[in-house]
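These are the structures in question, set out in turn.
Look at the two complexes coming up: chain A is in both, with chain B in one and chain C in the other.
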Partner chain A sequence: MTPDIGLFSLLLAFFFALIQGVAPSLSPRAVVGQFFCLSLSMFCLIICFLTNDVTVVYVQEHSHALLPFIYRIGAAWGGHEGSLLLWCLILSGWTLLFRMVGKRHLTDSFFTKVLMILGWISAGFILFLLATSNPFARFFPTELITGDDLTPLLQDPGLLFHPPMLYFGYVGFAVGFSFAIAALLEKKCDATWIHAIKPWIILPWALLGCGIVIGSWWAYRELGWGGWWAWDPVENASLLPWLTATALIHCLILAEKRDAFKGWILFLPILTFTLSLLGTFLVRSGVLVSVHTFANDPKRGIYLLIYLSVIISGAFTLYAARIKYFYQAPFFQFMSRETSLLLNSIILLTAVATILIGTLYPILLDALHLGNISVGEPYFNLVFIPIMLPWLFLMGLAPYLHWKKTTTSYLFKKMVSPIFLSLTLAWIIPTLSGCHFHPLAYTGIALSFWVIIATLRYAKKITLTLPRYSMIIAHIGIAIMVLGITITKSYSEEKQVRIILHDTVDLAGYQFTLNQLQNVAGDNYHSIEATFLIREPNQTVFVLSAEQRVFVSHEQTMSKPGVAYNVWRDLYVALGAPLSDNAWSVRLYYKPAVRWIWFGGGLALIGGLLSLLSFSRKRSGA
Partner chain B sequence: MKIFWDDAFRVCSIALLLVLAIPAFASKDLYPFSTPDQQNRFYTLTSELRCLVCQNENLAESNAALANDLREQIHTQILNGKTDNEIIHYLVSRYGHFILYRPPLDASTIGLWAGPFLILLIGIFYLVKRAQK
Partner chain C sequence: MSIRAFLYSLPLIISMAIFILLWRGLNLHPNEIASPLINQPAPFFQLPDLYRRKEIVNNRNLLGHVSLLNVWSTACSACMEEHDFLLMLSKQQSIVFIGLDYKDDTHAAKLFLKEHGNPYQNIAVDESGQTAINWGVYGTPETFIVDKRGFIRYKQIGAITPEIWEKTLKPIVQVLADEKI
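Then we have the complex of A and B:
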């Protein structure tokens, strides 16, 4: 019964989305109807999981009688069908939010246009679900089955937050996209528009960033090799819209101040949402695994490809046709705030292009039968990093540049001491803490110091308003993140060892002693837990455990690493496979400053959100 | 007096630990090498090579059987004094370019390597032209 209600309300949601798309007068009411139906549908799916209704194919494939309660809720979006239902629900949630709080200064016709565009996007996706990926499809088994179970990797609290967070971001950009399309249709993009679109970019930007940070942290503590970013195509797909949204947030400031550059601020929201869709397509079609899996199950991939091409070609044709109405040529010199903000967009778009090229090039070569290559971390280290280094320099410099023009001598006077200070500190501090010199590490640390010093110095000279606080916090957050990345990359130490009980291994001044091995039983797995005694350089001793779990349903093993952290470093122990003579293979990592990556990323997002606060305050004052 | 004994005990236990530890450290590595340089080469090589049977993992991280075999092979070859280039050449001749996470620069990968920098140059060129003197 429950799955039937779920399917019926999904069908109803599709009609509500159509009404929202075609009938201007009914649009606002259809938004509410659609949201209600999709919520009910999602609720039914979760109920199916909680009751382990194995007649639902999707539940049977992703659940198990022994799966713990909280993961059953997460499992509802742990697979293809359910995650797309979540996609639709979140889109309709954003639409509802826009309907409730977005109206204020917008004209009726503009407001309705945005709702209608969102209706069409939603209708396309719900149709995709109904046509190719019905989460409520039934199969009545003739024998007793317990379900295939959720992939062990996904059985982590991260599953409950990471995918929804990413989707909140991805899908949220649909509102900004609709804003841009509606502006192109109305041939009007004024200060009110710029002011109104801001929260619909910043909020999804922060949520997507939060999703990325959580994902990175999840990978770190789940995958067992201490990595926090692997340049995996799926990760890359989530980074793309975040980068273009970052460019857009900066361009909005530019457009607001100069009442120009409308071409950029209309182009970037379209690009951002397009990349979100592209990400969904890449992840969901199977193209990434291999071009051949795409050919094996073509229905989903082809539907998404058509949907994507309709939206991209439609949006960019409209853009090309209407952009002449927005053209202005404002005056600015090369040495100016304008240049720095445009250069920011150019570098970020180059970064986006690099990631796209790196991700899609192997697929393209394979499809054209020109060879089979892999593109991975070493490629991105060689190409991505040199492109982003000038971006960091620009981040410290930009606040000192004036609008329209800045004289070189003024800039030189302001810049000399922070540059000198950061170059010196980046040399002194690592040397005093006993790190050997490393050219790339020096560059990274010096640039991070430069951003922090230049930004703080700027902060001292000006009156602090909320938008400025937001910029300062965000930029320092990014600098801390870069500092963390640089230090971890350059000064991490690792060892892969073969040890037996009571053996001691030394790594980076820490002594790891394997103290105990014991069997532990979990809800749906049994595991071997290795307990290590760790002696710090200052002789304090503490205990750290790592597990090797074997999941009942698949006989699948998974390493559950043990992590001990403080502000300065992480110690990371992963239990590997058992070897001969009672020995175990164990990986030990010493990772300095690794936590700064997530802390810095989080700080940058808080900075972004802060500017939203100034927005709501201005609103209530107006 | 008590402090003295505590300190003495501490010093002795550290000394004892050091004595016990020195011979023990040498042989614990799963892939033992004679020089730290060889060790570093091993870590760099295995992290730049793809585990061929995994979704998207390098040799250093993978737990697959094939990855284990290849790690053993690379370990042996380094110990036998082979250079990085020789090892890479050997692996590519057996498994193709797919094993390299850093694809070689040739006619088919020119877009991959030059594309990003070209885009950046075009962008900067546009900006310089757009800004007024």
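Then we have the complex of A and C:
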């Protein structure tokens, strides 16, 4: 019964979406109806999981009688069908939010247009769900079955937050996209528009960033290879819209102050949502090999591709046809804040282009019959790092630039001491802490210090308003993140060893002793837990355990690494294969400053959210 | 068409190009990552033998018979899983297994083989991983089928299961075994 209600309300949601798309007068009410139906549908799916209703194919494929309660909820979006339903639900949630708080100063016709565009996007996705990926499809087994279980890798609290957070971000850009399309249709993009679109870019930007950070942290603690970013195609796909949204947020500041660059601020929301959709396509079509891809079915890929090309080519055609109505000649000199914000967009778009090329290159070669390759970390590091170095320099410099025009001598006077200070500190601090010199590490550390020092000096000089606070926090967050990346990349140490009980191994001044091996039973797995005693260079001793889990339903083994952390470093132990009774192959990692990456990322997002606060305050005051 | 108009239609042009590319991509099968080395002579390699460090394993060990060059390491759990099956195969069939012990602790490797049995005729020790790079190895385990003349004819990515063996690898090996040099 429950699955039937779920399917029926999904059908109803489709009709509500259609009404929202075609009938301007009914649009606002259809939004509510659609949201209600999709929530009910999702609720039904979760109930199916909680009751372990194996007659539903999707549940049978992704659940198991022994699966812990909390992961059953997560399992509802652990596969293709359920996660797509979540996608639709979140889209309708954003639409509802926009309907409730977005009206304010917007004209009726503009407001309705945005709702209608969102209705069409939603209708297409619900149709996709119904036509190719029905989560409520039934199958009545003739014998007792227990379910295939959720992939062990997904059985982690990360599953509960990482996908929904990412989707909140991805899908949220649909509102900004609709704003741009509606503006192109109305041939009007004024200060009200710029002011109104801002929160609909900043909020998804922060949520997407949060999703990326959570994902990176999840991969680090779960996958057992000690890494936090692998340039996997799907990771790239999530980074791309985040980068373009970052560019857009800065362009909006520019457009707000100077009433120019309409070409950019109408282009970037479309591009951002395009890249979100591209990410969705890459994960679900199986054109690329990635840890994130779902089991695939060619029909899905074709439907999605047709649908995406309709939305996106439609949007860009409209853009090409209408953009001439928005053209204004900007007036500013080279040494100005305008240039720096524009350069920011250009650098970020260059980064986006290189990542996109690297991600799609394997398909291109394959399509041209030039063989099969995979583009890996070396390419991305090689192209991405040089692009980001001038970006960091600009980040420290930009606040000092004035609107329209800045004299070189003024700039020089302001810049000399921060540059000198950061160059010196970047040399002194690593040397004092006993690290060897490394040119790339030095560059990274110096640039991070430069951003931090220049930003703090700037903060001292000006009266602090909320938007300025948010800029300062966000920029310092990024600098801390870069610092973390640089230090981890340059000064990590790792070792793979064979270790027997009571053996001791040295790594980076730490002594790891395998102290104990014991069997542990979990809900749906049994595992061997290895306990290590770790002696720090200052002779303190503490305990760290790592596990090797074997999942009952799959007979699949998974290494659950043990991580001990403090502000300065992580120690990371992952069990490999058992060699003989008490000997194990073990990988040990010493990773300095790795946590700064997530801390800095988090700080940047807090900065973004803070600016949102200033926005809502200003609005209520107005 | 003015330059400006061209610039503003660039996003459309680029996105259409990407869609065409993705359309082609849908009809391809990235999971079957073929190696550009297929039907090419096996890349030159010369490595010490795991057990007899003074002896070397090189391309000559691949000549005159169909060989399966299996890239493995004790650090890889999938390798451990396929190990028993490889052992069974090596006993039943007249195939030569050559092991490429990839970036491994040789002591651990020996211990492991002592305990679980050794399917390999020779095991080359690739401590630096350079040979694996030359062979275009993505990760362990991978298995190359090399014909009697020392040409790579097929590459299997991931563990060999009885199913994969019966469906894919065995037919290839049988055809190659009947080839005249």
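Heads up, the rule we're going with is that the second predicted complex is superposed on the first by the 611 of 622 C-alpha atoms of A that agree within 3 Å, B and C clash if a C-alpha of one lies under 4 Å from a C-alpha of the other, contacts with A are read in each partner's own complex, and residues count from 1 in each chain.
In this section, contacts are C-beta pairs under 8 Å (C-beta built on N, C-alpha and C of every residue); 3 or more make two chains touch, one makes a residue touch a chain.
As the structure is a computational prediction, the values presented were derived from the model and not from experiment.
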item	value
Combined model on chain A where chain B meets chain C, clash or fit	clash
Touching partner for A:498 - first (chain B), second (chain C), both, neither	both
Touching partner for A:585 - first (chain B), second (chain C), both, neither	both
Touching partner for A:270 - first (chain B), second (chain C), both, neither	second
Which of chain B and chain C A:434 touches, first, second, both or neither	neither
Touching partner for A:232 - first (chain B), second (chain C), both, neither	first
Partner chain in contact with A:313 - chain B first, chain C second, else both or neither	second
Contacts of A:537 with chain B and chain C, given as first, second, both or neither	neither
Chain C region in steric overlap with chain B, selected from 97-105, 115-123 or 169-177	97-105
Overlapping contact positions on chain A, where the chain C interface meets the chain B interface	289, 371-374, 496-498, 559, 576-577, 585
Touching residues on chain B, where the partner in the complex is chain A	10, 14, 17, 20-21, 24-25, 28-31, 43, 47-48, 50, 55-56, 58, 60-61, 63, 96-103, 108-109, 111-113, 115-117, 119-120, 123-124, 126-128, 130-133
Touching residues (chain side chain C, partner chain A) in the complex	4-5, 8-9, 11-12, 15-16, 18-19, 21-26, 28, 30-31, 33-36, 74-77, 79-80, 103, 105, 107-108, 111-112, 115, 138
Interface residues, chain A side, partner chain B - complex	223-225, 227, 230, 232-233, 289, 331-334, 336, 338-339, 342-343, 346-347, 349-350, 353-354, 357-358, 361, 365, 370-379, 382-384, 387, 494-499, 503-506, 511, 539, 559, 576-577, 585
Interfacial residue positions of chain A with respect to chain C in the complex	263, 267, 270-271, 274, 278, 281, 285-289, 298, 301-302, 305, 308-309, 312-313, 316-317, 319-320, 323-324, 327, 360, 362-364, 366-367, 371-374, 496-498, 557, 559, 576-577, 579-580, 583, 585, 587
